[in-house]
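Listed below are the structures to be examined.
The same chain A turns up in both complexes below, where it pairs with chain B and then with chain C.
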Partner chain A sequence: MTAEKFDAIVIGAGMSGNAAAYTMASRGMKVLQLERGEYPGSKNVQGAIMYADMLEKIIPDFREDAPLERHPVEQRFWMMDNTSHTGMHYRSDDFNEAKPNRYTIIRAQFDKWFSRKVREAGATVLCETTVTELAHDTNGKVIGVRTDRAGDIIFADVVVLAEGVNGLLGTRAGLREMPKPETVALAVKEMHFLPEEVIGERFGLKGNEGCVIEAAGTISRGMTGLAFLYTNRESISLGIGCLVSDFASTMESPYALLEAFKRHPSVRPLIAGSEVKEYAAHLIPEGGYKAIPQLFGDGWLVVGDAAQLNNAVHREGSNLAMTSGRIAGEAIFHVNSRRNPMTKENLALYKTMLDNSFVVKDLKKYKDMPALLHTNSCNFFMTYPQLISQAAQNFLRVDGTPKIEKEKATTAAFIKARSRWGMVSDVVRLAFAWR
Partner chain B sequence: MTIAVAELRVEDKLFLNRYLVDAGGPHIKVRPHEKPSPNLIALTRVCPAKCYELNDKGQVEITADGCMECGTCRVLCEASGEIEWNYPRGGFGVLFKFG
Partner chain C sequence: MHIVVCIKQVPDSAQIRVHPVTNTIMRQGVPTIINPYDLFALEEALRLRDAHGGEVTVLTMGPPMAEDALRKALTYGADRAVLLTDRYFAGSDTLATSFALSQAIAKVGETFGMPDIVFTGKQTIDGDTAQVGPGIAKRLDLLQLTYVAKIASIDLDAHEITVERRSEGGMQMLKSRLPCLITMLEGTNEIRRGSLDDALRAARSQIVKWSAADAGIEDLTKCGLRGSPTVVKRVFAPTSRAEKAAQIDTTDKSLRDLADDLIAAIFTRQPALEQELAVDGGA
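And now, the complex of A and B:
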């Protein structure tokens, strides 16, 4: 590397890194983006649902050429036991709009597109380059990075850490702690390919309409977890994730969970005959508001999953990543355009702007939710799903038992499993955490 | 009617993926140990690529070729010093086609 100096270096070419790099490069800043994968997206994994509003704020006309799969018109929430699911479905023709609100995407393809936009905006994007450490001056200010390409420091006024949930650099430099097993979930996922028209028939979809299923229950074997099934144009993304701390204590294997989910009688017919083309695993930040680390310092900012910016309740991650990346880019541009130094004091603007955005407001709203769902997870992910399934079956099965006895049996089952006080406490805690 | 959903072993799953293995240097190493901790033993079940296995002496060994770089083992065992975790060299490791 030459001694050339950049206005900003962005580490990572995922959602937050691309958003940050694009925002700065399109405003005329001299940006270098480093990505350790062979191509942008090659290390990235997501369900994936992408929300339009957050991308529109970065690339308003993205619909013209972004690789979008389907726009969901139907959302199914399933509570599962071993043989059944009790569901809530929402389907609306209102989602068939000129500019749909959200899309399923395939990350490796989407990220290549996003990266092309970043390069077109003027950033230098270097792939197959692993950043090995942050470089500091004698006062501890971050002044650049070292990579595995050459020993020399690449200098920049500011470094944006968009290194993902498993980011090594920030933790090694002591800028934030490594995620704890109870603040990250491990998700595994498969890509199941089926002809476009078969997916349309099975889910009742026409054209680019899509369907989303999110499921909890005995499929996570008592662990805090969630399974998902998203329709793409000619594939189905399907997976399951649970807290790493739960995996460690139960010694469950994620691939066994995934196989059981695929074989569940409610899921099996939806993916029958598919060809699996990839198996992926990734961590998801689950710690919420209380797990957000220090977000800025002298010469650096952290964005996206690396900053634990993920809304586990609403299963939103990439839009928080994109928004934090954009806001980081805007804050840096603000400081840069006034020719001010990239000090901790000046970069605090990033946190102020982020605090005022939906990103931190949403995470704050649910700050107590992780603690609620992570303690006694068995009640929420095992006991209640089973009770609800039994209640539904008891209600629907006609076998000559008088209705009054059926109702008594259902009530008794709930009380036996959770006790009156336990249920009241669960409801109150849930209500407070949701508030 | 029986519906075909092929059962995949984890080895079959990993076979679907594209990797560029850095033969010279595995990016994760297990430090020599006498008796593995509960978390290190858990990795033999929890690692989604089944990279960790117990040898006949009851110690945990790693073959990182199928690693998907999720970081689960790092979160569970790096702080205790039982494993050493680095990114593969630029361009190496798992290369997701879809992600």
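And now, the complex of A and C:
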């Protein structure tokens, strides 16, 4: 068979890869997408929350047939110590709108659906096919890929790397460095199955309403980390993630943290009687703006997690992935439709468009946050949650102690733990990083 | 040479469980696979094709989602895929299934050339009956070679095939005329990884989809639930055996102590044996 050439090859069939492949194929480009998993989503571990706006920009009528679980009407943020949580809950009937803003999804199902859309748009999708190497011409321009299946190079004008957070292809080809332990989190997740009605009762939900809990505190044992609990239709996804560098220095094990989170008195009743179906672990890029690598070159560009496009502060990843994939597809189509070559100069359009989108603007806003949370992890994830919990309990427990003494005791506890100057400094630094 | 391989999309039985209260099979979220025995059949068919030329057609009866299994078979290197799908087939037992498949194979023969060999797996891992292969052979009046472990040789000019058949007493070498039906055992080969060309072709090819009418099936009373005399009376999960293997701690022990522990452990479970041996020892 003669060597075949495509307009574009997309490596990976996650959110960013599917967005890129769909964007190009639906505009009539000849697209090949290669996925190493058995099916799209088979390798995915995301929680997951999917934001509608970013998908609407790709597939406007996705609500008609996409496998959506619940639309969250309630968000809880918990500061946890070992026996308590101090919570901030936001619940609004406004989230019960005709076109909800976000949904919980199960990626294995969602990605299959997305991939079907990609194929219907005209792309050729091969699963169980691992790209082993990028093929270059003598000038170093990427001209195609080699796979682990018997056969020649598959040629393409441009290769979109959507290979995920620890994509070996790009790092092996020297397009970017391996992510550093302090810029990636390791998250573990379980799926707990419960009848739909039980989930509705436990969280006070009717119909497709959902609830999202995100929790930080002593559950991460002083490490920079976050736990989560999302309601799906007939299951609960819950997990916890911490920075890889923190796991390395504390020698804590992820599954032990997850077990402790599940046994926490605030969590245990929510998942009681459930059947565990899946246990999975994955890396999450947490380096923020400063960890973004070179995004394009001669004949290639990189999108999604592989480009470290993840907003750790707002726990947004897949919408950045989708958006970067879409923008990459649009930029490539722009170059392609003018019959221009896929050179570094021409593909710079992708970066320009991405810089002007919320993706890079948001990451820029929090560029100092990852470093701050990393260096002060013990204060933010251990000391403060405990102090806040003690203060709350002190406030609520009525035992004949005069209120003035209670307040003094609380203030003293804060000062003893962090000192006045320490607290001011924490607040100022947090404010600056947030700004 | 034209070879037809019958495959079935089955739930991955390693991941299936029975609901503790209702005793129904919990299929939710259980991934589907190609019945593993069918993959041995497919690989054997592909090898025969590669050595002697010809085509391999894969055939399945199932819901529209069974297309995934067929596409996968194409990725392995099959030349053509036919999906027999119709609501009239829902609820088929082995009698109805072998009826529908035999009719479809006849139609495949008419349309794409008469098959020299029809392959099936020995059995499926969800039904475990091993009845469909022989059922097809009977209905199509094909010679049947069941429990085949290996194709020893094939002589297309003489229309003969020689196979190794595993039987309780040992291995039988059987020679048969073609055309014939072969049900394939496990462990004879390993399904290949299709080439890039195979994968591209599989992703792009149209799966042939036949309804009952398309396959020339006129007697619908022999199909699906109506054509299935088998009734499932009860489904239950067998309880696992209470007795577990005894474990003997081997740390810091001499061989003699270990041997003593081992014998003691055996005697605890088999007191009769101890008495028997004690009597023998005394005699």
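By definition in this document, the second predicted complex is superposed on the first by the 432 of 435 C-alpha atoms of A that agree within 3 Å, B and C clash if a C-alpha of one lies under 4 Å from a C-alpha of the other, contacts with A are read in each partner's own complex, and residues count from 1 in each chain.
Definition applied: a residue touches a chain if its C-beta (ideal position, glycine included) is under 8 Å from a C-beta of that chain, and two chains touch if they have at least 3 such contacts.
Keep in mind it's a predicted model, so treat the numbers as computed, not measured.
Student: Should the superposition on chain A be reported as showing a clash between chain B and chain C, or a fit?
Tutor: By the criteria stated at the top, chain C and chain B fit after superposition, with no clash.
Student: Classify the contacts of A:Lys262 with the two partner chains as first (chain B alone), second (chain C alone), both, or neither.
Tutor: In the superposed model, A:Lys262 contacts chain B only, not chain C.
Student: Report for A:Asp362: first if it touches chain B alone, second if chain C alone, otherwise both or neither.
Tutor: Neither partner.
Student: Tell me which partner A:His282 touches in the superposition: chain B (first), chain C (second), both or neither.
Tutor: first
Student: Applying the touch criterion given at the start, work out whether A:Val125 contacts chain B, chain C, both or neither, answering first, second, both or neither.
Tutor: The answer is second: A:Val125 touches chain C but not chain B.
Student: May I ask you to decide whether A:Glu209 touches chain B, chain C, both, or neither, giving the answer as first, second, both or neither?
Tutor: neither
Student: Please name the chain, chain B or chain C, that touches the greater number of residues in chain A.
Tutor: B
Student: Examine A:Glu4 and indicate which partner it touches, taking first as chain B and second as chain C; both and neither are also allowed.
Tutor: Second partner only.
Student: Treating the CA centre of chain A as the corner point, state the angle out to chain B and chain C, nearest 10°.
Tutor: Reported to the nearest 10, the angle reads 50 degrees.
Student: Thinking of the overlay built on chain A, is A:Ala150 touched by chain B (first), by chain C (second), by both, or by neither?
Tutor: second
Student: Under the stated touch criterion, which partner chain does A:Glu190 make contact with: chain B (first), chain C (second), both, or neither?
Tutor: first
Student: Please provide the least distance in Å between a C-alpha atom of chain B and a C-alpha atom of chain C in the combined superposition.
Tutor: 6 Å.
Student: Residue by residue on chain A, keep only those touching chain B in one complex and chain C in the other, then list them.
Tutor: Of chain A, residues 128-129, 147-149, 277 contact chain B in one complex and chain C in the other.
Student: Can you name the residues of chain C that touch chain A in the complex?
Tutor: Residue positions touching the partner: 28-29, 75, 193-200, 203-204.
Student: Can you check the complex and tell me which residues of chain B touch chain A?
Tutor: Against chain A, the touching part of chain B is residues 3-8, 10, 13-14, 16-17, 20, 38-39, 42, 45-46, 48-50, 68-72, 74-76, 78-79, 85-91, 93-99.
Student: Quick check on the complex: what are the chain A residues that touch chain C?
Tutor: 1, 4, 124-126, 128-129, 147-152, 154, 234, 277
Student: Quick one: which bits of chain A touch chain B in the complex? Just the residue numbers, please.
Tutor: So the residues of chain A in touch with chain B come to 36-39, 41-46, 48, 106-109, 111, 127-130, 147-149, 165-166, 168, 178-181, 184, 186, 188, 190-191, 235, 237, 244, 247-249, 251-255, 259, 262-263, 268-269, 271-274, 276-283.
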